[in-house]
């Protein structure tokens, strides 16, 4: 596990925030597909800090280079290595960490785990680590789109105490989402969210938020019971993103407060096939996609790095006051939107390969169909 | 993936609800440990339906047999195969399924996936599948207890709209939990929960609930960034359990509504080592255990099988009314308590092996310590 | 790894020679295929000791039971658990082992590894462990036969110093092989081999041998460069069989003595497609099947358990004379024939799934073909 | 599998011969170890073609860059990405391939597998692919040396029909091996081998050879029965190297011609512990290291690219004469020496982690020792 996600479409990421570069190796991409840097750069740019008031001002150009796996813009079927060079590293900004572990950061357990701690920032616990995921996810997303017409769109549905009303998951696009500076497609909620973030920023504080995600046109049958269930892989993928604290599919935690008669999704016939009349299930039943939109929500904690002084303890146990001067986002959920999309794409494509091989082999072996 | 969980301590489960038996093969159990059926049977009995009004009346004796991996009650280090024979199977009870897919059950996507559907019940989507997990989890739990003194206790913290106040995670035991018929250690809340379940049952309906879980004495340093983070593995493990719709670690979704200054856990020195003054992090920072209690919550949807008639569509697309006469629990969360404990134990032990090998090899290689 | 082989078609084996039973769990078998015990029992019987002079007289009935994964004789797509109960265990026969590690047996390193040693025989190092492989291999073999018409036939091609001339790999069948008491399809060589084995047996000694194997009708394109090459997986599979010391594909070690001009296989057109005029490559180029028969050879050492007294050292380091009275085969290669077939089938089917999913996904993604 | 080897110390390689670069990502390297490019460059230089008459004249500078996983020359415990940029690529040299598949090359099955073929050379089937292995193997080798004092030395023991007499595996060093232009430490045999290669070269032909390898100071107990046996992993590792056709451990194929009484290795007490009086087993019993030197042999076929014209068929099936003008080694075994060492190191270290975690966890769980 560790740095590799997936069994069929496998993504291995590498890179620290302040080393030579960040990247990923994709193993299992189908051959014969057009792919160049432009297919990837767009999502990297969405992850990159912009110029608005809501994100860090660290300038990261983050140009991706395809090191292998393509020739003349066509995938070969061999591993695709992607590299983004680091630049503008200012380890000194993080030097304060040397005095003590930053509260709610990974400094403490990482030093316990590895026996040492980089003086130059968060290393693999940095949000910058997600660059490799976004690059690989862009490739996965292209395969899903070409092969099944799948569209994955994530957006900010809640920030601090501002909730956006339910968005129309059938029509939402990334373009619509990006019209909002905080990636909330509801204009009224977006304005309130921006105000909440600016208020927190003025207080040298940070806020948490929720990212919702919809995956349209996922065929029925994806998900490998019992430990490779669609729900389980998505949860795994999302909880591996920095700062994520929770995951819920479809009705999620609200389902725990409902009765079965109110929660069950009845079936109806539509266009010659069975559909769910409602989709509280979030597009997955028994851990297998049902053919309905797969939708879920991911909870992000407030950025732990804040400008306000914090009373805590130093490495030596003595009391200390920590004041961060490093650049940071007041709300990580906004830049996390393409990360959520990337991890969803990687998880879905991995399951797609599993199901495709089952169908193909069973078909060749002359399988029986129906109820037995 | 599919039927195997874990990379170092690997559990492979097998078995349908109405076949010859259910079981698991554990690969990677340490040798030289005392282990016999009695170590496993206790948790199986906790998962088994009892005689109270709140659980199904299907009588499952569920005796486990150790087929391999031990000799004279000592583990050999080889795979431990565990088998529970099925008995009292009544496939006829489920025959109604043949008319159409049961709403919010796995029938529909499973037939899409595999091309066929067992007439004899839910197969691998049945709650009975969790027997193999509980058996394997009992072994994992014993290793964790012997090697690190880890105690894992889960309990019902919410049913329908009844929430139990926060329990004292430091002192809670399985015995205390089992004093309540619905496994809620708070007596007042327990009484209300029982009433809620009975009301639902009287209405031929079902209710959802939340299971909380605390893992005490987990050492700092467990969790393998970035894709084997502790949070990610726990989420994966929990979302693989039937009927689970959500997972949150520590403050979870509530963190999304907080500011950093209120959410951060400061460090304090205690007994010569750094501790977290609060534990909103749920015992994990950056995906690695911090040495504090690992705690999380798991949302279960209401049992989809209900006695009330449901309007839905048959396999042929025509409208039909489904009335279930099968035995079922009105609230699956209660019996899920040992399942949550089992999956937590399996996930934790897998990460323990990874960290132990790192420590051992790095130690032999003469690693440097400290800040670099 | 350890007890699981394969990534797509995964076989997990369990069981010691003197515990309750031996078995396997198959994960990833295609659904909708007819399968019952009779499909498996035949190969188990071929592995079982017979009544002739060349094999051990231990009577093993070895009846397999399918515990899960089928219903009404049809595979469900869920894990297939297979169990063979042990019987006629006589641990006392092996008690002599307690005095010291048997030369060229696993006793010594197993005790070093696990810290303990079963008094009741070789445990997982026993040849009986291969029962689980043969059972799972029979299922894999059926899938390969149904889906691609693949036939896998192994035979004894050498015993001690007797070599059989090259057999016709295009027409050899298991029935033809079994006509020989030592599974050598060449009658003259077979007679000499039987004499060699009987001479060794009369001397209370044992002999080594070589098993050859041909896999016909393997499509071109199987094998996953660079670490899942067909050659690599077959080598892995074969060297995991007890008593195997060597593996060679096609021309094998002889290739090291040849020049390129003599070794290269030219291409010729035949029936509208490219074929290899010769097949020194053993059906694999660059680790990927070429469409020609995959053939290889596996070297077995002489059975280490012999009736002759051996001077060795006891656990305490003191000199001792070891005299074995346990039942044993004078030549393990004969009973290994179905084991080699089983492991070949498992390895091939695993690679088949990988290639089928690539083809399917690339096809859906609209791949380009040809030279780029 | 595919591009990743290992479960605990995982190496993922990437890169084609004529793309931007070749490299590897190492996941699981212990933290706190000194590591810089100089630790890796030495083995890369040994793999690189030199100036002598026996190797290709393609100039490959092959400078490695560490992209991640270290800081200030110390490993962090995070993934170590290694990159070697390609230079001096001359795809035109390979353009002849477009006319038809080169005999005994991977062109044909690769096009069948991926549906397309790079016009620019062998891609992942090129010997250049091994650069990533050698780089990663150098890191693995350093860990093995620091942690256990393990030394891995490979050498050429046979070329065409010239065999070197047995070398003293206890004292052989890489320096001694490199004194010979064909890496055969026996001066007389070396001279004959050089003559054989030059004769083949003069004939525009190529020759095969055998590489032997000794791994000294491997502790007893490494190897994970039954599918992660030491023998199986080594065989897998070796057969994944381009041009390898066979593998044998210890006595290997010769064992198949011996009797048990002559083949068994007796135990003797030495320096207070049990040792094998002879080591025909090659340092592995039952798939687990015995504490003796692990030694094995790897057969390489003659380079398929030869200067002589070859009669074969083109992609269209028509007869064609292929004449190669590309640069190539007349004997790949010489440059394969560091590749064999690299793959041996990677396989051994992976097994080391597995055993270390077993020992650590079993020790904490208070395991019982001895005979049971």
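We just call them A, B, C and D in the order they show up, numbering each chain from 1.
In the analysis below, a contact is a pair of C-beta atoms (placed from the backbone, for glycine too) under 8 Å apart; a residue touches a chain by one contact, two chains touch by 3 or more.
These numbers come from a predicted model, not from an experiment.
Tell me which chain's centre, taken as the mean of its C-alpha atoms, is farthest from chain A.
Centroid comparison gives C as the farthest chain from chain A.
With contacts defined as at the top, give the pair, A-D or A-B, that has more of them.
Looking at contacts between chains, A-B has the larger number.
Any idea how many Å lie between the Cα centroids of chain A and chain D?
Inter-chain centre distance comes to 38 Å.
Rounded to a whole Å, what is the gap between the Cα centroids of chain A and chain B?
Computed from C-alpha means, the inter-chain centre distance equals 25 Å.
Which chain C residues reach two or more other chains?
2-4, 7, 13, 28, 31-32, 71, 74, 77-78, 113-116, 118-119, 124, 225, 354, 358, 362, 367-369, 372 - these are the residues of chain C that touch more than one other chain.
Which residues of chain D touch chain B in the complex?
Interface residues on the chain D side: 7-8, 28, 30-34, 71-72, 74, 77-78, 143, 146-148, 225, 352-354, 356-362, 364-369, 372.
So in the complex, which bits of chain B are touching chain A?
1-5, 7, 13, 98, 100-101, 103-106, 108-119, 122, 124-125, 129, 158-161, 200, 203, 205-210, 220-229, 231-240, 242, 244-253, 255-269, 272-274, 280-282, 284-291, 299-306, 308, 310-313, 315, 317-318, 333, 354-355, 358, 362, 367-372
State the interface residues of chain A toward chain D in the complex, per the touch definition above.
Against chain D, chain A makes touches at 2-4, 10, 12-16, 18-23, 25, 27-28, 31-32, 65-71, 74, 76-81, 83, 113-116, 118-120, 123-124.
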